[in-house]
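Given below, in the form of structure tokens, are the structures.
Common to both upcoming complexes is chain A, partnered first by chain B, then by chain C.
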Partner chain A sequence: MTAATAPAAPPAPARPARITLPAPARLLRLELRRSIMPWLAPLLAVLFWLTTYRPAMANPPFWNVRSGMVQSHAMLAFAPLLAGAAAWAGSRDRRRGVADLVGMTALPPWARQVAAWAATTCWAEAVYLACVTVLYVVTAHQAAWGGPLLWPVAVGATFVAASCAIGFAAGVLLPGRFTAPLAAFVMFLALAGGAFALQANISYAQIWPLNVQGAFPADAYGIFYPYLPDLPIAQLLFLAGLTAAALGGLGLPAAAGGRWLRAIAAAMTAAGLAAAGTGVALAGTARLEAHGIVIPALHDAASDRPTSYTPVCAHTAIPICLHPSYRALLPDVTAALGPALSQVAGLPGAPVRVTQVALTSVQAEPSNGIAFGGPVISGRPPVLYLPLAGGTLPGQGTASAITENLREQDGPVILSALVGLPGELGAQAGSGAAEATPNPGSRHAAQVAVLDGLVKALGMVQSAPGGRIQHGTPSGANQELAATRRFAALPAAARHAWLATHLAALRAGRIPLSEVP
Partner chain B sequence: MTTAGVGHPPRHADPAPRLRAGRWLAGLRLARLYAVSRRVATCLIVLIACAVALRTALHWLPRSGVYARQIPLTIEAGAAAVIGVTADSPFGEPERVAGRWLPYLRLAAAVALTGAALGLLAAGSASQPLAGGTPGLLRDLAGFTGLAFLAGAALGGALAWIGPLGYLAITLPALAGHWSTPWVWPARPPHDHGAAVCAGLVFVAGLALVTVRGARAWFR
Partner chain C sequence: MNVEISGLTRRFGRTQAVAGVNLALEAGVFGLLGPNGAGKTSLLRMLATVIPPSSGTLKLLGRDPGSYPQRRQIRRRLGYLPQNLGYYSGFTVAEFVEYFALLKEMPPERVPAAVTTAVERTGLGDKARAKLRTLSGGMLRRAGIAQAIVNEPELLLLDEPTAGLDPQQRVTFRALLRDLGLRATVVVSTHLVEDVGAACSQVALMDQGKIVFCGTPAELTAQADGTDAAGDAPLERGYSAVLAAARAATGAPS
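Right after this comes the complex of A and B.
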């Protein structure tokens, strides 16, 4: 058989036509395959588990508590390492000695660099969002109320892009073996510096990307009112601006591309710097309010409307109603406050209901501190507003410890509000700490004596050493102490009857110490 | 020797001193070339900058609290990361095949740079309130450097920084959370023997590995 007579070969099966991607997409695909990030993904996952997942799982399944960690805890671990990895990717061409080789290709250098940054960022975002998804799915199975907060995730994801952009720019501009460690190191120092500035109460430091609602404890926001997005919006503006400025800066040198490309890069850099500056300026106007950090220029009044919910109530002498996510704390709160409430139930000015609130008042303090107001009786009919934020969450601590804590902290404050003592004086008197108050004044002496008598009778606070609770000037102290002991020794029914008759006069300061039974 | 030289004694009857001097000079030259190829001078400059940063930070930092620990630790981890990166070889396989003295050079460079870092950081923190004092600095720096060497041996010298800086990311929340495991040695008090042993073990393991195997460049 010759070639001429050989039978024709069967036709090859037709290959499916390959989709030809546009050049930037092909470049991105190449960079995605060449990136080091897939090799770093297990390390980042382990870091997320150690620094975010484990602490989050150690807390009760509250969305606000756990969501904040994906911004503050996770990014403290991710941002420096991503900056280092991106710097490593940015200095790759120079490190391998192929800068001249790839410099001759038709594609502008800036487009190549942006593709390499995009590949690193895509991998980093994928790892970060996968980790966050795992945490949120587990929380969704455990949480009794509410839904995931997405603003912290948005800030975290933008910070991922910004870290990669800053690190990448450092790698391109200063290629070398020390660039990657120094980029990561400087990022760590920058984050530490931001925390330090925040602690020094520099208002612009609120922009710090790990800052979730300032000094508010995580359980103080996002439950009774919507999560305020003012600060996250400013942070997004700042981080997106930094990203644009870093990437745009790479396109400014003459070798980066043509005139139009460089003009676009210059515009991008300018816009990025303007956005970052605007974010910082907006953060400088932030102020603490009862539901979170408010930036007037970004604040939406709709965020001030409370979230609707059906409270869970204990049917005691004065009903105690809590938010459904605090349902597990209801027996402890009832056990702690029940005795005090049963003592004052039915008295004129006594609350008809106890309602849980996020906070009653809030005040900024030095060193990025925050001070909360205690329970408040207000309204007509009077309602006792009971804040539980910053304390023990359901599932934390033992029931006896929670009950003891609430009884000693909130019980005296409720009673002092009832007898009409000014807030600070009432808190000191009820806690047995009034030794520090040299002279509460004769006008309040009877109120202090009645309050201390009630506190002592209800066992809300441990007696001072020697069983003495001292108030007033040395000459008046003995009279107050005697009145306190007399009132505490009364039977509960007699105390209640006396209060029912004299509470209005006591609150007005018209009862002298000698008339306390 | 040619016939012309017959009857004349050789110029140097005993060549040993010249050989010894030549070997000494060659050794010095080898060490210098090794240091140049690993950018040891740049590393020393960065370590000096770290010492200056530590002194500046200690001057401004509060004397107690989390920041008093976090920022010095960050600087120590940065110094260790830079030392780890010097293990990267620009020559790769040819140098490994031909370099008979390479393990000794690696060991000498690693020990010298770690000692220099310790000396510089101790000088930077002298007469300043460094939390943990010099024993804490020695322990933490040794542990961080050991991690850098381990990461260098596992991932390649260029990525050696991932070890100490990744570990630092775990350590910072541990400082606030009061972890008790000795494997998170920076969170333990400076006189904690378990923490010192763990940090020492990591340093010795890293030093041994980087001396024997070098920092293989898996990723370039």
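Right after this comes the complex of A and C.
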């Protein structure tokens, strides 16, 4: 120490800034330097890789699937950790024993707290957006059609800010060593509670920030139809409102600042609560449509128009045309359906083309909310309208699962429709199905035997549509089994020739079991 | 007057920490002596506007700290070193001092030079970029002093500033105090009477929340004349004599 006044030419221990930043910017820079978040960034990156990147890469490269994951999967991992980290930052002054020291400074405590929150949030946003960028860049190289969806990123980024604000407020109001883990745990519980509320069909729970276009998103949104911004707008309102309310609440105590500052804080809190309430109320009016969640007050009817696209086709015996998003799956789909289609190609009533359609056969069901349709043959000439995925939705399965699903479920369904057996195809086919299944409700042993023979010959797994007939005697079942074996043993050309001449009679139920070759 | 106190009290529950203090201070170094629990820290915290008084009037730098706008003006011109200095371990010395310069609302263009000066004056120039967690206790204390003086305060409140400083640093610090006292009112609360003797132009002795003596160090020394007060140094003997007299007057054990 030296008693002299400022020396004439002191050495410069603190690097002088070349540009004089304004005080808030200098304060933010200092807060950024001492934030805990850089230490947490590797952990957040690993969590993102485990919870989001790996599952995303296991799915086909659809923008809707992967974009949805940056909101749902990523934030499930990020939000509790960020709330805990922000609570740690918020309780810092008390923990560090500097409450007296900072409490006697001129800058209003609220401004100081907002700077600390902003630094925590800046780091968190940077980590989140960097992770999202990596996922999007990889997806851009893999995806065959479309572009990144920004609404889920916007919701995710706002949720980052809200998590930090809520955690920070908890840290300031309840400073302590255990505030951080407690804040993280409470945030996790809140997210879990939201999931349960959503599954319990509580309409207001649609606001749940991890909710991406409903509990069971179909592949229609963002591919066959534009991505509906209705729910994201309500979620943004809700999350921005929570952020404003949490930060505004910190400015309400008498010690937080002057009269004007506290008035601003009160207005901010009120506006935040109003926005959050509005978001929840809007979510309460949401309804699940075929291509996403519609909120009447926010809905733009232009979003209901399908997107235009040029399908990609495989020129097989029966051409298979898919949405360009599914280009990568075309060989797999062709391989999965090819054997069944080549068996039926040219037969009367067989489809002349396979066209992929969206999973739009969404029906409200009291039990679980929605159901998805299967393939449909309709029109003249007949066209097989095929929704891909079926029970294995994008986001919930892999590409191989989708093609496996096609091979084991949709293949037999197509064949059963061809031989005239009622099944899922007929039940969900609508008006067009009547052409493929002229005799629904009846079930003849010859039809079952032929279907089973085809399935067996093509190496498919028999599924629900056909099923065996309940014969009165074991001998009836044995006869059907024998016919199945006979038909399966025929050369493919012989089966095709027999079907070409007998299919109409078979579908009409006029072929006895004994006439099956 | 930079500090005007009249009938100032502060209660913490049933404990009367400060019981009717009257003081008027101009520029100079003012020593605040007293045994543990005398109320020195509570008085300093009120002067630092950290806690409000329970009763009495307090004027700092000609302003009323009870009014928020005036309190803010006072705080811009105030420096404070608390008894237990907390710190942010991730900060460097320069960042720590810069942080408080900004919290004291110094004009941003003045901050870099002010930080450099404060760090130099406390002898931490070569440690400016060292993280606070790597510093010794004495160096941390000096970093605390640096943040207190960075805004060239008109009222500087130092609670046990020399605790943890080595003898050489203590000597240098007293010189710094004398220099600061030329322009500002410096209130130094301490147990170490030699600090008071070396640096203070005025001294007050507190006991049981009250000021029992106020005068120059020479006058405090003179209080021991004709008594058998204990102490190794004349000022210590004066301190003991005043304390014994005060306790005899109130019937408290000395």
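Convention: the second predicted complex is superposed on the first by the 309 of 517 C-alpha atoms of A that agree within 3 Å, B and C clash if a C-alpha of one lies under 4 Å from a C-alpha of the other, contacts with A are read in each partner's own complex, and residues count from 1 in each chain.
Quick note on the criterion: contacts are C-beta pairs under 8 Å (C-beta built on N, C-alpha and C of every residue); 3 or more make two chains touch, one makes a residue touch a chain.
Quantities reported herein were computed from a predicted structural model and do not represent experimental measurements.
Contacts of A:40 after superposition on the shared chain: chain B is touched, whereas chain C is not.
By the document's definition of touching, both partners, chain B and chain C, reach A:96.
Of the two partner chains, chain B is the only one that A:196 touches; chain C does not reach it.
In the superposition on chain A, A:22 contacts chain C only, with no contact to chain B. Taking chain A as the reference chain, the count of touched residues is higher for C when chain B and chain C are set side by side.
When the shared chain is aligned, chain B comes close enough to touch A:50, but chain C does not.
Of the two partner chains placed around the shared chain by superposition, chain C is the only one that A:258 touches, whereas chain B remains out of contact. Common to the chain B-facing and chain C-facing surfaces of chain A are residues 96. Considering their complex, residues 45, 48-50, 68-69, 72-73, 75-76, 78, 80, 82, 84-91, 93-95, 97-100, 102-105, 108-109, 111-113, 115-117, 119-129, 142, 145, 147, 169, 172-173, 175-176, 178-179 of chain C touch chain A.
Against chain A, the residues of chain B that register as touching in their complex are 39, 42-43, 46, 53, 61, 67, 70-71, 74-75, 77-78, 81-82, 84-86, 88, 155, 157-162, 165-166, 168-170, 172-173, 177, 219-220. Here chain A touches chain B in the complex through residues 36, 39-40, 43, 47, 50-51, 55, 73, 76-77, 80-81, 84, 88, 95-96, 176-178, 180-182, 184-185, 188-189, 192, 195-196, 199, going by the rule given at the top.
Those residues of chain A lying in contact with chain C across their complex are 1-7, 10-14, 16-17, 20-23, 26-27, 30, 33-34, 92-93, 96-108, 112, 257-259.
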